């Protein structure tokens, strides 16, 4: 049975998804009619629920993927294909202490928060007030805000703390902050960067080569989606061709 | 300071990596000479350590990526690029209860174990004794064996338990087990599959279409690596072109 | 100096292209004003020409690529990326005798006609009257109709002639016609096929394996376009992800 | 019937290919035994021929693809996937006059020569004597040398002639020669470039932007090969991931 306050998503017959927390008395207005959210409290994940016009919706438990897809965004978000790889490369998991600058709309922040669990912590910064607000809003909606320290801060002066397990920069000129990033994480940790243009990547590589970094690696993750029709199986006609280059490096002893 | 029993990796000047647990009195024999592992106990992650011939190695903390790369394998392992995406799609995180069949060498099993933390659990099965042994060995080496229930079992009779948060099949004929998989996970959860050929994918899609599944999705994750040289930045000449198709679906109410 | 009857294209300041033959007295109406086509006769390729409102257009010589891009289409056309590779694989060149079924809108027919020159010949068929008409219209616009024999014909009865240098089928069920195709081309020639789905490819491969074919090869050509901006060089955000699988085989002695 | 002097290729049971011209009295020594090439004169393309040990080889007519694959090389050659696209973009066909610098081993030179026919001409240059010799050798072996003017020349002084239909540079620093290239081709023609690194591409784009060029376009052609097995259809495990970026531009009036 689903509890009050729990995060759910309702899926329309056409696959449109609505993310929300369950509260007695709440109503969802869809173009198939109203759904009385109180009814969710008598049901389980996977069950059906009907609009007042009799249309069937499904009640699903949101995964990390769903949370990312539902983010309210003002910028290009970081995609699940890139997030999954970042998590594995940085070694983020239960208990990790992660630092990040350039939170943007918060898709990566939320993913870090999801994975570090109750025992870990995410420290996230952005110079722009509006993004810190938006990120906070998205974290709150997903019930993950308590795991994140989120502040408006320019990191050029350094982070002011130490011993993070890993770090990530999604900022326009990361080569300006590689020293600060190397300071805030433990020796031997992995740090990552996301950059859209090759010009930025080459500038960053030059900075990394001069700093205390080893194991420098640049990759691009491409996702190709297929039409899931068994009699006519084939790739989709169009795809997202580029979201950014991912750069990883390891801090050697400082 | 690094503690006895902790998992470390030593990296040679050429980047060759040695994964091991720290024990006083242990020695590592490299082609640059011997390393006295006791010395690691006076050091931190990111520090240098020297062979008896004076060659410098680095001491690094293994990330999930490192653990996967260091797996002893008898089969093609599941790659980090695919693992990251699977974790995000299935919503695996601290506390998750995950079921898997076809553990193979254990790269995905280990990743699930890494992410579910102390509060979660992974149930993993394989029909082949040798893979269960190998997977156990790899989990033990990584210190993650306590989070996994691992057994030789043919899942055609069903799993014999229920209410998993998500599930994954890496077996040759998954269409034979989709009913069993739908039974073992909660309503509304996501299940995934990895398959190398299009013939297998179409057979699976046909089975999913007939069963209690919605949100069926087929993707392929491609990783393109670049030469990290700032004056001559370009993609690598060759790449891994195919590891498998990833198929995801959601269980609707049973 | 450009001659009357010559094929030109006019390019707007925004890059919009108009393909046409030059005739005295002709006018082009653009949203930048009228262009008097007679003026083209005093100019050369690469020159500018002005609309009556003073906007500058360029006069360019159409390449094969331009001809393909300007085709009037009722179906998905075959793309330049695939056409180039087909030409090289089939060995189409000056003097080639090429046979084709499934002309569609005619992008491949036109390319064959372009490459075989005055000394070669293209034999092209389609069951559907409307496509034969459309293909003829496109060939005529490009001035290439004299190199092509184009007919409404069902090829299931065979082609009725022999000794072609190579052949190509762009039809829905090519496995029904592989024997006919093997008959119409010379021993040792290369034949090709374009198919969108993996189900079709596997059916075709099965048929080819049973027939007089060797050197069977399946490829996919992907084109990734980049933003041509030197300060911010990066791949385009989106791309055409799939146009079709190309299958090639060689006829062994019959 | 195959004539003396004609270009053929013999294919072993394992698919190994031998390209040669037919001459009475010639012998081919294979690891399956000797083949008497005189016997080819009684046969047709697609026929079988036996070694003195009774092993069956096939006699095939070489396509442009075969010629490229058989090139004797000292450098990375330009691949068929790139060549096909270059031909279509430049509009090379029967009668074209094409200029090229950086002939290398000659795979593109040979392709231009193949497509321009008896009525066209290719002008090809390289600063390095050894590549001009190698290219000449490859052209002669393919019987295409009469269509090519091939010289050791540094193009920094200009080409010394004019009115080419299109041009291509495969040199390390093409930005040094864009003015010379714009001079040697007709107004409105397309020129192309192949470059391996993004650093080179951005330098070239900067030079093109300052010169008499429009319609600047950068693409990359990727070829994904599949295992042609109908019961287990899937992409190959590995692929060539990068051969180079192709840059195209059009000359506006000079």
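Here the chain labels run A, B, C and D in written order, and each chain numbers its own residues starting at 1.
Here is the rule we go by: a contact is a pair of C-beta atoms (placed from the backbone, for glycine too) under 8 Å apart; a residue touches a chain by one contact, two chains touch by 3 or more.
Predicted model, so just to flag it, every value in this text is computed and none were measured.
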Neighbouring chains shared between chain C and chain D, ordered by label: A, B
Interface numbering overlap (same over half, different under half) for chain A and chain B: same
Between B-D and B-C, the pair joined by more C-beta contacts: B-D
Between chain B and chain D, centroid-to-centroid distance (C-alpha), Å: 44
Interchain centroid distance [CA atoms averaged], chain B/chain C, Å: 47
Separation of chain A from chain B, taking each centre as the mean of its C-alpha atoms, in whole Å: 21
Multi-chain contact residues (two or more partners), chain C: 198-199, 202, 224-225, 231, 233
Sites on chain A touched by chain C in the complex: 196-199, 224-225, 231-242
Contact set on chain D toward chain C in their complex: 11, 15, 44-48, 58-66, 68, 80-81, 83-91, 93-95, 111, 114-119, 165-166, 186-190, 198, 201-203, 205-206, 209, 214-231, 233, 245, 247, 250-254
Chain B contact footprint on chain C (complex, rising order): 198-199, 202
